[in-house]
Amino acid sequence: MSMNDLIATIKKVLEEVDVVLGWTRSPAAGVAVPARFHTPDEADGAIFDSTCTHNLAVHLPRLKNSKVGIVAKGCDARSIVQLIVEGEVSRDRIRVIGVPCPGVIDVKRAWRCFGFGKKIEDAGGRVHMEGRSMPREEILLHKCHQCQDQEPVIMDLAAGDVKSVTPPPPPDKTGIRERFAAMSIAERREFWREQFSRCIRCYACREACPLCFCRDACSMQTREPHWTGGQVNAIESEMAQQVRTSHLAGRCTGCEECERACPVGIPLMLLLEEQNRIVEELFAYRAGMSLEDKTPLLTYDVNRDGGWR
Amino acid sequence: MLGVFVCQCGTNIAATVSTDRVVQAAKSMLGVVHAESIQYTCSDPGQRAIIDAIQQKGLTRVVMAGCSPRMHETTFRRAIGRAGMNPFMLEMVNIREQCSWIHSDIDEATEKAIDLVRKGVARVRRQKPLQAGSSPVTRRALVIGGGVAGIQAALDIADAGIPVTLVEKSSTIGGNMARLDKTFPSLDCSSCILTPRMVEVKQHENIKLMVNSEVEKVRGYIGNFEIDIRKKASCVIEENCTGCLICQEKCPSKAPDDFNVCAGESKAISIPFSQAVPLVASLRKEYCRLFIKGKCSVCQKVCPAGAIDYEQEDIVVTEKFGAVVVATGFGLYDWKQSYPTYGMGMYPDVINALKYERLLSASGPTGGRIERPSDGKEPRDIVFISCIGSRDESVGRPQCCSIGCMYMAKQAILTKEHIPDSQSYIFYIDVRAAGKGYDEFTRRAQTDFGAIYIRGRVGKIYPRGGKLVVMGTDTLAGDQVEIEADLVVLATGLTPAEGAGQLARRLNISTDGQGFMAEGHPKLKPVETNTGGVFLAGACQGPKDIPASVAQAGAAAAKVIGLLSQEELETSPMVAEVNQLKCAGCFKCRDVCPYGAVEAQDARDGQVAHVIASLCQGCGLCNVACPPGVISLKGYTDNQLIAEVVEVLR
Amino acid sequence: MRFIAEDAIPRLLEHLAGGGRTVWAPRVARDSVNTVLFAPWIAGEPVETGAYTHLSAKATLLPPTERLFGFSYLQTAGEERIELEPEEPEENHVLFGARVCDARALAALDALFFPAGGGFNDPGYAGRRSGLTVITLACTTCDSACFCSSFGKGPAETDGSDLILYPVANGFLAEPVTDAGSELVRLDLFQDSPLDKPELAVTDRIETAGLREKFIDLFSDIDLWRQVSEKCLSCGFCAYACPACHCFNIFDEMSGDREGERCRSWDSCMFYSYTLETSGHNPRPEIAHRYRNRIGHKFSYFPANRGEILCTGCGRCIRGCPAGVDIREVIRAVQER
Amino acid sequence: MPKTEVKIIGFLCNWCSYAGADMAGTARMKQPASLRVVRLPCTGRVNPLLVLKAFREGADGVLVSGCHPGDCHYNEGNYYARRRMEVLERMLPALGIDPARFHYTWVSASEGAKWADVVNEFTRRVKQVI
């Protein structure tokens, strides 16, 4: 896919929508940042590269009254589908532009390795910044490893050949996930206490999540229901996160935005990935795969349920 | 201003829970201004003490620690209502059924009771006054099952001027009683007392009779059920059929005679017995040559009334009812697998008592002559064996069938009347004859009719030279007994009727360990169920004889009449409500609501949820489905439940 | 100048921690290679002197949640009363490894909670502040999110610090700013050094001149605010990472029905609930309204009321924003109007 | 000094399991004093968060019991509950909570003896893992 393909497609979609959600490069950050294109001129700044980590679907419920075009990676498309299934977004108000995604990189980790703000480039299987480089598979977001959803499940137009992408390699086996899997239950209890002790309850996890659309009423911070106290401490913060996790059961598409957004690096996806795995195991269901789906915890199947144990 | 009342329930609670310590602990709980222990809170002086305390101390919330709320919640709501409080500002704490009765250590039980009271205090502190709503009542009753209980209930309700639909699964009403020859202890002719009642049903202006019909789906709730009834195709146009029986005579397809317990033979198209109501033929497709081989239509050709319609299809009728009486009766225990030493059904002359009843009956297949099935000979020595599939832990059936002792005596008497030189032997465990005139009756069987009672079980039955050798024990004499019998009659236990379990599920009523339908309370709610507006009559609730079935049917009818004489019913105020300011309009609540009680309403920024209170039944599914919890179940709000959890663990 | 070798830093920290003091220092969060935060130093654990912390050091003075007092309801003989349990004043703290941008933010916080010219002293803050020693790391390098050169002396600022450490080969030159600093450099962990102070970083700049008035002029230009905040997701990260943001919420939390505590927690004007009124009305319903307040408070209202800009150019809100919002772009857009 | 060794919170539906527990009481079936019952209209009202909250507040075990699937007083409540509880149970190890401390089951109004068994067995299990 060339940038020109993308720009041309956005311009075409702009003929029928009010705004297109896409990415542009921030000169200061050296990476992609979300952008809204209202005019063809603005669309000239559109880019797509492996720093386009943000899931732009999060903006759709906030733009209920506009016709919106959206540039979507395969994983983002699942969020869009789930939002439509849940009635938060109406299909006829949106135009989805699919992009061929070879996986996006963990920008924060790149910054930690290279320093913030210089232009990050992804070429020849390596991620480069000012003359230094590292293999891209070492710095991909976890969700991108062995991604099953490179071709967007919902798409009106494609910018480039969304089927041509080669799947990224499996993740390195030394990461936090493997260590977590090997922990005893008591060690996990300690692990979460430690992790949530640095939570500041900024709710970036929630705000970055396309499916946390209750926002202002969110019971991570309400007193009615009073699931969790307002104190910023490991116990209350963990409970708050359990509230969020539980509300995403059968709805989370695994876009990893919560974990990416977390400013203190709490590996929230350990919980959500496990929950998604359980939901798939029990109900053969992955959220956001079909407009016809019913969210598994909002339905039941008399004939199949209960054979689990 | 919270009051805590701790019931001693005589010694029921006080023997295991130190009510004084509970009172002391309650006094230090937040908001509690009054705590006392009362010997019997539910008694008149007990209730008066509560009302006095409310009025003197100005209580606004009450915790009642005592029996299960399922027992007396209504009692105490009324009591505090009489004291001028909102009746829903009450929390009942169960320290009897779920505490004093199941624990023996006083310290443990008291500690638990205190925890539970603290939980109750926390909960009622967060309770808001609620106002009961009302819903209109549909003045029509449904009676399911057309045996003697169903007939009695239908007639009693109809006589009170309330329309009744009587649904019967088979093609005629009458049930098991219609099969009986005589009834104990008066030896009334069963048909003679039942058939007039059956005809009355048919002719009653307030009764709509639906035979060949079953309840398929139940929606709604007390006062407002909406029920689908499937009327199965019988290939006979009911209005046209005159009951002339020509079709049955000419029908070439043989079929089992279910009514006569297969003592005789019937046809694919038939009327089960001559007093059937309605007197209308039905065709059983599974035996009909036309439906099996594709060629016949004899009945259609011979029917003078043009009543045969092979194309007839099932129809599903949806009707509204205010109340339901279940009177599905009983079935018989299938003994063949469990008692292998009795021949497992291979000896034709080992029969159950209901089949024997048909052999005794003048309207039966033999015209009232007792013929044994194997060779049609009149038997001389007849052995009755009691408690087959009753009172027998070894086959998993511990309960008493409650009628076996009596009908064995009856059948022994009738046998002697039919065949004066016959000899009846009755193997029994105990003779249970507690009803009015019952014991005298069983004694007459022995003294006046010569029945020989042998206390003991039969170990084995085997054929020898055209007879059946019955080997048993006489436990009184301590001897082995061997009787050469011509016929063996088994007093088999009673089971719920076929399909009763499924029906119970459709009606949301519980069943007991043997599958009989569970009454609301074993003593105080013998005809009610745990589902409001659904009542029980007859053997569907447990084995019983005719007078008990009729009495229960009358009681059920009285409950229905009482219920349906009200124009409106009070509905529970514990329904869901939406905080529309916070609702994000995702409608997950609507997705899970079993009652369609959530609708969308327009608000400033799009649509929000709204609960139609009259449809909401208060299950709380929506409350859990709502991520921000802005739809909440009144009386069971998240914060109430959270407070219960937090406080009970303190 | 005095010099301290890099390998003497642990001993310095041990010294600082003497007498039961808590030493806050930049540390890599466990199980998260990407996250560097100020946290109480534990003997033997490494301190991160080369990286930027993801959150500012303000938690040292303004904890995310501060217990103001405990209380319990007592019920005796039908009478209900409340018993208060005051909080013990905190021990002295040391802040090690703060940056100039952290240190200079203290002036703004002091202006509100512990004003030099008198006025209301917040007991918790004042207690911690008066016992605080600040040891700052000067910046010889910066990244593209830094813009502290926009304010005052930029990287050369000494306000707020007691001692400034300048990175040089194998260690740090130490420049005391206050008496407390001077006392520290007399320790024999420090030696005299002939080296000169290294050249400090030069960061990006924004123009703040005239911003106070300009903002007021543009207050009603809601289209501008909508445009500059369109990426924003309205989380509280920027406020929580900011060394100068200090909004708080006060609430009671019960543990059970008897005991509770009154707490003061961080709050962010980016939250919808921040201005939500009991009636359900919210004067700042849109993100644009809230973002406008964020800019206005930092660059217009607070400077007008307390004489301090509530921004030190630390760039943390830029580096960590999940949505890629850059406050400099917003200021530039405002200045260009 | 509290006498009860473990504390278990039970969330019981009013129509079946609560009635079953009452029945066990009426039949005087002895049970350990570990259980504290919270009565709810339906297991469909049991928010998985309520279970987590109970653990957080120090419950040693949490027991959820309702009508048998198919017998729900509200027709479908326990079908939803069954899915919710199954997901929750499987999530517990990841949250650092021993799943042996959680149990959901179905006990009807007539199964007093089964209820007593459930309480005995679950208490025994919780004591083992605590």
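When the chains are written out, they are named A, B, C and D in that same order, and each has its own residue count from 1.
Just so we're on the same page, a contact is a pair of C-beta atoms (placed from the backbone, for glycine too) under 8 Å apart; a residue touches a chain by one contact, two chains touch by 3 or more.
Because the structure is a prediction, the values reported are computed rather than measured.
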Partner chains that subunit B and subunit D have in common: A
Identity of the most central chain, Cα criterion: D
Of A-D and A-C, whichever chain pair has more C-beta contact pairs: A-C
Furthest chain, CA centroid comparison against subunit D: C
Cα-centroid distance, subunit A relative to subunit D, in whole angstrom: 36
Where subunit A and subunit C are represented by their mean Cα positions, the distance between them in whole Å: 30
Where subunit A and subunit B are represented by their mean Cα positions, the distance between them in whole Å: 55
Euclidean distance of C-alpha centroids - subunit C vs subunit D, Å: 47
Residues of subunit B touching at least two other chains: 592, 625, 638, 642, 646
In subunit D, residues with contacts to at least two other chains: 48, 53, 70, 76, 80, 84
Multi-chain contact sites of subunit A, meaning residues that touch two or more partners: 191, 215-216, 227, 297-298
Pairs of chains, among all present, that meet the touch criterion: A-B, A-C, A-D, B-C, B-D
Of all residues in subunit B, those that touch subunit A in their complex: 582-584, 586-588, 591-592, 606, 625, 627-630, 632, 637-639, 642
In the complex with subunit D, residue positions of subunit A that touch it: 185-192, 227, 235, 239, 242-243, 245-246, 249-250, 270-271, 274-275, 278-279, 281-283, 296-298, 300, 302, 305-306, 308-309
Parts of subunit C lying in touch with subunit A, wherever the complex brings them together: 29-35, 37, 39, 51-52, 54-55, 63-65, 143-145, 204, 230-231, 233-237, 239-241, 249, 251, 253, 263, 265-266, 268, 271-273, 276, 315, 318-320, 322-324, 326, 328-329
For the subunit D and subunit B complex, residues of the former touching the latter: 2-4, 7, 9, 14-16, 18-19, 21-26, 28-31, 33, 35-42, 44-48, 50, 53-54, 57-59, 70-77, 80, 84, 108-111, 116
Contact footprint of subunit D on subunit B as seen in their complex: 68-71, 94, 96-99, 101-105, 107-109, 111-112, 115-116, 119, 504-505, 508, 510-513, 518, 530-531, 574, 592, 594, 617-621, 623-625, 633, 636, 638, 641-642, 644-646, 648-649
